[in-house]
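Working notes, structure below.
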Amino acid sequence: MQANQFHSLAYSFSFYLFGLIALASAIAFVTRKSPVAAAMWLVNVMFALAGLYLMLDAQFMATMQVLVYTGAIMVVFLFVIMLLNLGHPSDLADARGKWPTILALFVGLALLSEVMALNRGNTIERLVPPDLAAKAAAAAAAPIAGGIIGPVAAPLFKEYLLAFELTSVLLLTAIVGAVVLGRRRTDAR
Amino acid sequence: MTAFLSSINYNAWILPALLLLPIVGALGLWVHALLSAKDPADKRWREVRVLAFAFFVVEALISLGLWWSFDPAAAGWQAAVDLPWIPQWGVRFSVGIDGIALTLILLTTLMMPLAVLGSWTSIRTKPHAYYTLLMLLTVGMLGVFVSLDLVLFYVMWEIMLVPMYLVIGVWGGERRLYAAIKFFIYTMLGSLLMLVAILYLGSAASQAGGVPTFSYDYILNNVRLDPTTTLWLFGAFALAFAVKVPMFPFHTWLPDAHVEAPTAGSVILASIMLKMGTFGFVRFALPLFPSAAMNPTVRSLIIALAVIGIVYGALVALVQPDFKKLVAYSSVSHLGFVMLGIFALTTESVQGALMVNINHGVSTGALFLLVGMLYERRHTRMIEDYGGIAKVVPIFATVLTIVSLSSIGVPGTNGFIGEFLVLVGSYKTQPVAAVISATAVIFAAAYLLWALQRIIYNKLSKPENEGIKDLNWREIGLLVPILAAIVWMGVYPKPVLEKTEMAARRLVTYVEATSANTPQTASNSAR
Amino acid sequence: MNPALIPEGAHPLAATVARFVWLLPLLPLLGFLINGTLAMLGAAKVGPADPSADHGHGHGDAHAQDDAHGHGVNGHGAHDDHHPPPRHKFAGIVSLIGPGVLLAAFGLAVACFLAMRGVEMEHPYVVTLFQWMPVGDLHLDASLLLDPLSMTMVLVVTGVGMLIHVFSVGYMQDDPGYPRYFAYLNLFVFFMLTLVLGASYPLLFVGWEGVGLCSYLLIGFWFSEKANADAGKKAFIVNRIGDFGFLVAMFLMFANLGTLDIGRVAAKAAELPFGGVVITAMALFLFLGCTGKSAQIPLHVWLPDAMAGPTPVSALIHAATMVTAGVYLVARASGIFSMAPVAQLTVASVGALTALVAATIGLKQWDIKKVLAYSTVSQLGYMFVGVGVGAYTAGIFHLVTHAFFKALLFLGSGSVIFAMHAAYHHTHNHDDAQDMRNMGGLKQYMPITFYLMWIATLAIAGIPLFSGFFSKDEILASVFARVSHSTLAESSLLGIPGSTVLLIVYGIGLAVALLTAIYMTRMMLYTFHGPNRTGEGERPHLTEAPWVMTGPLVVLGVLAAIGGWINVPELLGAIGPVGGLEHFLEPVVGQASLRTTLGAPPHVAHQTELLLVGAAIAIAITGIAIAVWRLKPAALVPKKEAPASTGISRVLENKYFVDEGYDAAFVQPTVSVSRAVLWKGFDAGIIDGLFVNGSALLARAFGWLGSQLQTGQVGTYAWVLLIGVITLLGAFTLR
Amino acid sequence: MLVEALALSAVLFSIGVIGVLTRRNAIIIFMCVELMLNAVNLSFVALSKLYGAAGQVFVVFTMTVAAAEAAVGLAIIIAIFRHVKTVNLQNINLLKG
């Protein structure tokens, strides 16, 4: 990446900082036994990611990340954990044995190395054609026309309108489904 | 008649109307089902059968006009209609008929009312569903005969399958589920390969012309393929059709399906659905891939299978204890004649094959109707449970004798004309096959007459057979047209023959010419 | 010779009554339709609207019709009621229509014949009714061909047929299936006329199979007896084996000659290489058809069984007309046969062999109809010898005279059986009314029948001046004449020179003449002479049949006596016009005959001929003498007291065990192989079991294996999924 | 920074995978899935700097789907919990046919 002209040291520092927070919180998240603790660590990951989004010029996404993920989804998770009263010790001892964990680590590492390998080498070259990189750099340097929302909103309501509308149907279905599933049946069983 | 038909512009709407009408009829039955939901069950099935019968009579009557509006001397498709359907893929609602399709369409529309009459009193459960399925089946069957677009053809081909599956599976005999699933999977297996071949042809056609198309005519005239591909595509089509025919050794679904199906199902299966296979060979497999079909190895293989089917079907029929199964195996034998006639590829043999097609539809359909009538009275299909019943049911015995004779191919009945033409024509190109097949005249007489003797002749030894009632007026009425057809086509087959002559002759000359040249060429002279 | 060259309207017959020739088959067809309708109306009880309902009732109805068909005069049925049942309600109109249409047809035939006498019949008269099968190169018309040969056959069929119809009015009077019987009989005449008048081989084949069908229906007329139904079926199937040959012959014609028209085939056949493979195969396959229809070895087995039908049927179909169709066919296809001497020798040899075998069997039969049946087979063999050696006129001549005397014999035996049956009926005796051991001394009870049957016997034995003498002698003379100087003598059969074959055939012919005289005399002696073995109670009831039955017998008796006059040999030129039939048939078969005899009429020295005739007469008289001398009717005992025969008699009585042999060699193996190997083994076992259900089983097995992977543990699924992802990604990475 | 963002995304994703594989608590596994979704979102956002805002549009969709999934999934978990009184997946094998 030769885009160092707009990368101040502070920028880089913040970037790595958020990255490290995300990483550390994620590791903490998977290792916590208590669901509540895990959830809190996950919230932390999401906040860090929101910061990264901000730094990647996706301000709208950063907002959404905080609002939707941390604000809505994770709250739901916490509600459910509380609702089911999952603080019980028998539920806490939920990790698998030693060998499965080691194996899982290997699998994760293998996956990681494979993804990295795919990102490296000629794969990334193919992914990022040179002129596109230059164009992107220029675009990034120029002030964004139409504010922050415009570039996201335009394709969303033009090109992807149908998909967007379909997601609304999906949400409706999910709402109905959640209500039906969550309802305590009085008639049957 | 012709003037009247042209004054109402008959040819322009008849084919879509024939396809649409059963759908309307099905909707009508649905409405009736809703309206009569509160009625007692007894009243409902009595009403709905009348409605269905009236509907099929109307369908038959309007289709009859084709007989006069069809011009046997004209070369192209007749009564053709061509509408866009799925423009993105170049699929069109393209229909039209030639002489071969004409005879089969009329066979279909005329057999359907008789099939309904045949199940007049036996279908009492879920009558609306039953008759609706028969109507949808009619759409599929007619659709297959009229389609000039490969995708449309395939859709119709599959539409046909589902109602028959349900008819067997719901209203069938004891082992109906086994038979229905066997029938479905067997036929499906073949037709899926055909779908692949159709898609391949479509893409080849798109490449050749630049626009996506599945048009039969276009593919016939413009698609050139290398010999290996042709062989594979022919194989895919041929398998689908061979299962449907059914050719030996793909025939084992047939006895089960026939035996378990209700009477109307058996009649439709035998009269019409088996003809789809042979029709497919004549319309698609041969003209589209002449070089593959006339490849000496392929051709001898198919002829060998046809001949084996003829003799084998007859021999196996000989020892069946179940009369319905006997008739089913006799179908294998008869359809072998059709295949022999088609692949012997002389004008006489192809004409004969088309004739056998129709004859088998009439005679075997009638045999199944008669078995159904007997079954309704005694609730057994086993030959050994009968004997000597000619005494108590003389009308039935007379009709059964006449129909059996037609099936045997006794001169003066329709059966003779077809078999004779097939054999005489086949001998010119396939002498050995023709001579071996001719032995079937002996076996056919043996199995049918033996069965006939054990059913209607001999001593009336079983007391439970003494109370069998003879045919009633409805049954006599439904058999009379069949008997008339048997005699008419046996004595004066010319009207039928002349309808199919042009198509048969073109097929022969076209396939001969194209297979004699390099495999890739397809002359424009066809159609 | 080529009929196609003469347009229909230009033929001299077109202006005569012969243009109504299409009425000939139409009249019996009309009779069939009317009688058939009456039969249905009489027998039918239309069922209730809902056939499945109300099952199990109606036993009373069933019994009302119980004896509807089982009742006959053949003596096998059990009859409990003393009084004859009331006649069929349509009996009157049926008795009018059944023989009536035949009478009309006969009248028309006679008119046609007279018209034909008046014109030159160089070309056959072909009447095209409509296009039948216009397909490709095959231009088949429904057209009738009237020439002297078919005229002769038409006269025989309608004439003898009419007499037998009249006889049937009496014979079948009490049968509940009376209209059905006449319907079948009319239908038979229709098909027989189609056979003889058909102008193309396929149309001839229509008649050919049609008469077979009627034969099937009439043999099984009393179908409630399994034996009768069996016999009918056997006749049809054996005939179909022959028909297979006929079909193949037609394939050969169409493939090699391009036509199936009788006249064109004859013309084109002459262009094929003489004695070549094609023409020989054609002739041999045609002859296979003939062996089926005319009951020649090896397909002779059905005819004796066919005696299960009513006796007039045996007379009409199984003696006078249908079984002679093979002879007619050979004569009709003389253009083909004369081109293939090997086939001709085969025809003659098979004919001779059949004649001999049947005659020997006839020596030991006890059933009066069986004797006549084997006699028929034997005489048919004679006819084939005639047409086989190219003496078509001789063959046809014997066909005509045989029709007279054999119809007479059968009707006579029918009259005997009728009387026997009536007698047994009165006394409730269930003995066999057809067994000669139960007869004896009937001449005093039925003198008319007795005298007439002796006339026929003398005719068939070949006693001079009776009809059989002329025809039989002509056949033997023709064989002898062709031993030298003919195409037959020059060719060979299975390595044996043709002249030797012909000499053997001639020898067999003489032997058969001797045997014929013996067994016919035996039949007459046992039936009419000696003491009566019927039984005390029955004897008073034995009477001559009514006039409606004896009338036709008398007419046939006259014909059997003087029928030979239609073709008197030169030798006896003094007693009538020489070679009448010969001249009449000359346009049809003359050319073919001459081809066999190398262009010159056969010639035998006068001296030799006299010698041959003398020998034949001597043999006939010897035969009768031997029979009278050796057989002792008085020593016979009734059937139920007769001991089982042994040795050669047993073999002959059981017809050389041919039926049993065929059953063991063909029928049983076919059925058991079809059942055990083809159906149970191959169809249900291999195709359906192994392939169809086997593949279904395989799919199910895989499905079961797959289902074992489903532990229900989501964690396991996640593991499997991820390992899959890693593998896939690895494949991408390591590529 | 693109490469670093992508790398982080990969690492987070792998951590999510390890979580799914090692944990048995249905809710935590669910949360691991959410983590994986977030990792993917990060890739989308990072790459949207190169390819334009379409990537962010996809993130919107992902979030929507994640929300829907959370709603339905948690509802299912509650429903199951009512039956078997546990969220430990080892004790749940309703999927076994």
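Read from first to last, the chains carry the letters A, B, C and D; within each, the first residue is number 1.
Just so it is clear, contacts are C-beta pairs under 8 Å (C-beta built on N, C-alpha and C of every residue); 3 or more make two chains touch, one makes a residue touch a chain.
All of these numbers come straight from a predicted model, not from anything done at the bench.
**Student:** Farthest chain from chain D, going by mean C-alpha coordinates, please.
**Tutor:** So the farthest one, by centre of C-alpha atoms, is C.
**Student:** Going by C-alpha centres, which chain would you call the most central?
**Tutor:** Of all chains shown, the one whose C-alpha centroid lies nearest the global centroid is B.
**Student:** Could you put a whole-Å number on the gap between the CA centroids of chain B and chain C?
**Tutor:** The mean C-alpha positions of chain B and chain C differ by 37 Å.
**Student:** Could you give the separation in Å between the centres of chain A and chain D, each centre being the mean of its C-alpha atoms?
**Tutor:** Comparing mean C-alpha positions, chain D is 8 Å from chain A.
**Student:** Report the inter-chain centroid distance for chain C and chain D in whole angstrom, where each centroid is the mean of the CA atoms.
**Tutor:** Distance between chain centres, rounded to whole Å: 91 Å.
**Student:** Starting from the mean Cα coordinates of chain A and chain B, work out the distance between those two points in Å.
**Tutor:** 62
**Student:** On chain B, where are the residues touching two or more other chains?
**Tutor:** none
**Student:** Which residues belonging to chain A are in contact with no fewer than two other chains?
**Tutor:** Chain A, residues with two or more chain partners: 96, 107, 111, 115.
**Student:** Considering chain C alone, which of its residues make contact with at least two other chains?
**Tutor:** Within chain C, the residues that touch at least two other chains are 715, 722.
**Student:** Which two-chain combinations qualify as touching?
**Tutor:** Pairs of chains that touch one another: A-C, A-D, B-C, C-D.
**Student:** Can you check the complex and tell me which residues of chain D touch chain A?
**Tutor:** Residues 1-8, 10-19, 21-25, 27-28, 30-32, 34-35, 38, 41-42, 45-46, 48-54, 56-57, 59-61, 63-72, 74-79, 81-82, 86-88.
**Student:** Which chain C residues qualify as touching chain D in the complex?
**Tutor:** These residues of chain C touch chain D: 707, 710-715, 717-719, 722.
**Student:** Using the touch definition from the top, list the residues of chain A that touch chain C in their complex.
**Tutor:** These residues of chain A touch chain C: 96, 107, 110-111, 114-115, 117-118.
**Student:** Within the complex, which stretch of chain B touches chain C?
**Tutor:** The touching residues are 121-122, 182, 185-186, 249, 251-253, 312, 315-316, 318-320, 346-348, 351-352, 373, 376-377, 388, 390-395, 398, 405, 410-412, 416-417, 420-421, 423-425, 427-428, 431, 434-435, 438-439, 441-442, 445-446, 449-450, 453, 456-460, 463-464, 466-467, 469-476, 491-494, 497-498, 501, 505.
**Student:** Taking the touch rule as given, give the residues of chain C at its contact with chain B in the complex, in rising order.
**Tutor:** 40, 43-53, 55-59, 61-63, 65-66, 68-70, 130-138, 142, 191, 202, 205-210, 213, 216, 220, 223-226, 229-230, 232-233, 236-237, 240-241, 243-244, 247-248, 250-252, 254-255, 260, 670-671, 673-675, 678-679, 683, 687-688, 691-692, 696
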